[in-house]
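Okay, so subunit A shows up in both of these, paired with subunit B first and subunit C after.
Right after this comes the complex of A and B.
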């Protein structure tokens, strides 16, 4: 397990380095001056520029420039936004939790709905239920998410009027920003209208979460179905059958656990996909997250924001990737042993 | 595969032909395949068969509902938008943009990706390990985010979106090709031709490629459905096709303001995207199923 941990940490370090390299090279690739792209100071006077150039070591060779950029990033200085002139790290601190909240809620929903349905499909393999589930799943991951979001708003917010269509919480409630996670902040606050605020925030979350979760859920259906079919084909299941265990016992005690392990392995890979969907959904539902902010940054040609946003969001996704790897390894002893290619 | 054997001679169809034989067994898949073929034909011939041009305004027919509505007009089958442009014609023109261009994008990135992937499969040591990690990093970035960054570098516009999606898809093809080639290279038949003195490149060309092309094509369908959705999403976000072009995603986003009074301007482009993605996915699904049957038999 120690070797496994070291290898993962090594990979994480390597990846973060590569990502910083990528975001550093973006400052040269984006239109405009590299120094201004890095720092975001578009209105700097020549004197300020000279100080900046000294700070980012722009007179020296490219390796020293990268080193200076790295030390800036790791001391928490990502430059200032070209559009709002606020430090980007502060903006990200507010925005990233909203995205994490949305994407984790959607991931959990997708897993809790998708995986059991996938298992049912596998148990009823090549029967009517299986075919129906597969057909619905096919529709699910073919629907363009922006279209689905619009339809959801039309039906549930405008025609039925059940759920709010935009934002994270009604502006009536004033919640102090502590962790950035809306739900946790509400529970921490000592406002008299805590429960109303909580209900309001939950109502705001339902539509975007469901919209984000739909496509990943159908992918989990397929993953779970494949995993379950593989497991049911194994000889230990046949052995259990031969011992006279009932079908239910086999499924509950032997098949589900082994199939779950296989599904969890793929969660990390699916997460990048889920965040992509969440970014578009944030635009439609005016969710104050990092995806909407990034897309707005393009309209405003805020290159500093784009490169830092890319760095933070991808690091976050990779972190989730590594965490699921750890969970997978904790559940599955086979993965921990190096001769199985961990 | 119940084909009558008239001659004593054993017939061995090529892997691609075998795939086709298994592929056409399922009726649902064949329907998907016909839709796919239909979309390709539409994408090529759309400018010839549409009743109106995609930018022709009919100022006396603004926001006409589809023909089945009681206010509809049969000469504008799917109604018109706020500038009096015929939606049916625009959707057909859009086929060559959203669907046709996604096809081109996939072909381009397939060729480049397979080339790099097979070369990298032949290399080993630190170079290959670095490439592997580099690919892992690129693949862990969400495809749309990567496309957005590339669009930010190149500037908005349809051409730049397409390049961005090509660049997003290339690492995926490199990854798939690389794994497939590596897997084939461990097999005995490759060893046999290596013992015959064939060079690596020759093995790649005559032994490995015919056996992995089916895998790559089946991945290409997956990539195409992603490409359609990405082109449409970038168009929807206003980073792709400019306003007058009848790209489905851009059409959808220009319909949002009219959503309440003219919902067909939103749900029709959406349905078109859904239809083409489902057709592509059905083809891909059938192909993967056929591959599985081929492996089992």
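Right after this comes the complex of A and C.
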């Protein structure tokens, strides 16, 4: 297990280095001056520019420049936004948690709905239930998010008026910013309207979460179905049958766990996909997350923001990937062994 | 009275191109306390037959039989589920490749414990739990695993193939079976381990009067441990009788070839010369010959072999061949 952990940490370090390298090279690839792209100081006077050039070691060779950039990044300085002139790290601190909240909620929803349905489909293999589930999953997968989001707003917010259509919480509630995660902050706050605020925030979350979760859920249905079918064909299932265990016992004690192991391994990959969907959804639902901010930055040609935002978002995705790897290892004794843990 | 009496059991595989008769009217009977060998090349349908008996084939396969009696009870009168319930109460099976028959994500201990019948225990939940652990440890001792504390906490991949096989046997014993079906219990094992497993099975047979159906692709390997032997080829019955009859005077050309191809029968041969064996290999299910399936490979085959031969009985020595080695027919 120690070796497994070290390997994952190693991988994390390496990937973060690669990501910073990519984001550093973007400052050269974007139009304009690399130094200004990195720092975001578009209105700097020549004197300020000289100081910046010194800070980012822009007179030296490219390796020293990269090194200087790295030390800036790791000391928490991502430059300032070209559009708002605020430090980017401060904006990200506010925006990223909102995205994390939305995407994790959607991931959990997609898994809790998709995986059991996939298992049921596998157990009812080639029966009516299986066919219905597969058809619905295929249909759900092919709906464009954009259209689904607008449709959801049209039906549930405008026509039925059940759920709010925009934002994270009603402006009435003032929640102190502690962790950045809305739900946690609400629970931490000592406001008298805590529960109303909580309900309001939850109501705001429902529509975007469902919209984000739909396509990944259908993928989980198919992943879980394939995994379960594979497991049910294994010798140990047949052996368990011969032991005299009932079908339910076999499913609960052996099949689900082994199928879960296979599903978890793919969650990390699916998560990148899910975050992409979440970015589009944030725009539709005016969700104050990093995805919407990034897309706005692209419109505004805010290169500093694009570059730093991408760095943060991809680091987050990768972190989730690593975490799912740990869950995978916890479920699968084979992966924990040093000689198997590649 | 026969413990198990099966007549003309056939197993069909449903495929896109129609059904395939994988096992063709094989009969098999077992007496109480008997050790019977079921022998044939790989692909002869031995495992299929065994799985059909314990009822764990999936729905792609259909099983027919003219007679299926278990301890005098006609099991064909019951539904498949009922049949499986009756069988799994008294018959245990250990499958080929023991390692793959253990759930890789669950410890040996809990897999062993769940095989133990709940009715043996009394008391409240905690007492039962304790008794269950104790019973698991006892079972491991029975199959010759001394360090049961280590073993119960291990995962299957941490054990050797031979240890996994012992665990499988322990699991099979948990139900106190009357008949144990052991499918290639010593395949891919070193000679010392093979001997230990066979001795373990033999002692279970003697001490508990447990009948054993010992499946193997190696005729010579099992003759030492069996009372009677049934030989199969490509899903068909070939020859059956006491080990002595089969070993000293085989009537069927196939059995003769099996014996000739064993290293021991060829002791006198010079080193590195080819072993005597039938030409060709066992047919795949999609291309089964008609009639006697050995036909294309058989040295004694003649035109009559396109019709499946009837089983002939020579004083309890059964053979299914038109031109058997028994002189004068």
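Everything that follows uses one rule, which is that the second predicted complex is superposed on the first by the 338 of 342 C-alpha atoms of A that agree within 3 Å, B and C clash if a C-alpha of one lies under 4 Å from a C-alpha of the other, contacts with A are read in each partner's own complex, and residues count from 1 in each chain.
Just so we're on the same page, a residue touches a chain if its C-beta (ideal position, glycine included) is under 8 Å from a C-beta of that chain, and two chains touch if they have at least 3 such contacts.
Nothing here was measured: the structure is a model prediction, and the numbers come from that model.
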Put the two structures on top of each other at subunit A: do subunit B and subunit C fit, or clash?
fit
More subunit A residues in contact - subunit B or subunit C:
B
A:234 contacts which: subunit B (first), subunit C (second), both, neither?
second
Looking at A:321, would you say it contacts subunit B, subunit C, both, or neither? Reply first, second, both or neither.
first
In the superposed arrangement, which partner chain does A:203 touch: subunit B (first), subunit C (second), both, or neither?
neither
Which holds for A:331: it touches subunit B only (first), subunit C only (second), both, or neither?
second
Have a look at where A:150 lands relative to subunit B and subunit C in the superposition and call it first, second, both or neither.
first
Of the two partner chains, subunit B (first) and subunit C (second), which one does A:275 touch, if any: first, second, both, or neither?
first
For A:249, using the defined touch cut-off, is the partner it touches subunit B, subunit C, both, or neither? Pick first, second, both or neither.
second
Thinking of the overlay built on chain A, is A:15 touched by subunit B (first), by subunit C (second), by both, or by neither?
first
Please work out how little space separates the C-alpha atoms of subunit B and subunit C at their nearest point after superposition, in whole Å.
7
How about subunit B: which of its residues touch subunit A in the complex?
133-134, 136-137, 139-145, 148-149, 151-153, 155-156, 225, 229, 232-233, 236-239, 249, 252-253, 256, 259-260, 263, 266-267, 269-270, 273-274, 277-278, 281-282, 285
Mind listing the subunit A positions that touch subunit B in their complex?
11, 14-15, 18-19, 22, 26, 29-31, 138-139, 141-147, 150-151, 154, 158, 272-273, 275-276, 279-280, 283, 294-295, 298-299, 301, 303, 306-307, 310, 313-314, 317-318, 321
Over in the complex, which subunit A residues touch subunit C? Could you list them?
234-236, 238-245, 249, 253-254, 257-258, 261, 331-334, 337, 340
Going by the contact rule at the top, pick out the subunit C residues touching subunit A in the complex.
51, 54, 56, 88-89, 92-93, 95-97, 100-106, 114-115, 155, 157-158, 168, 171, 174-175
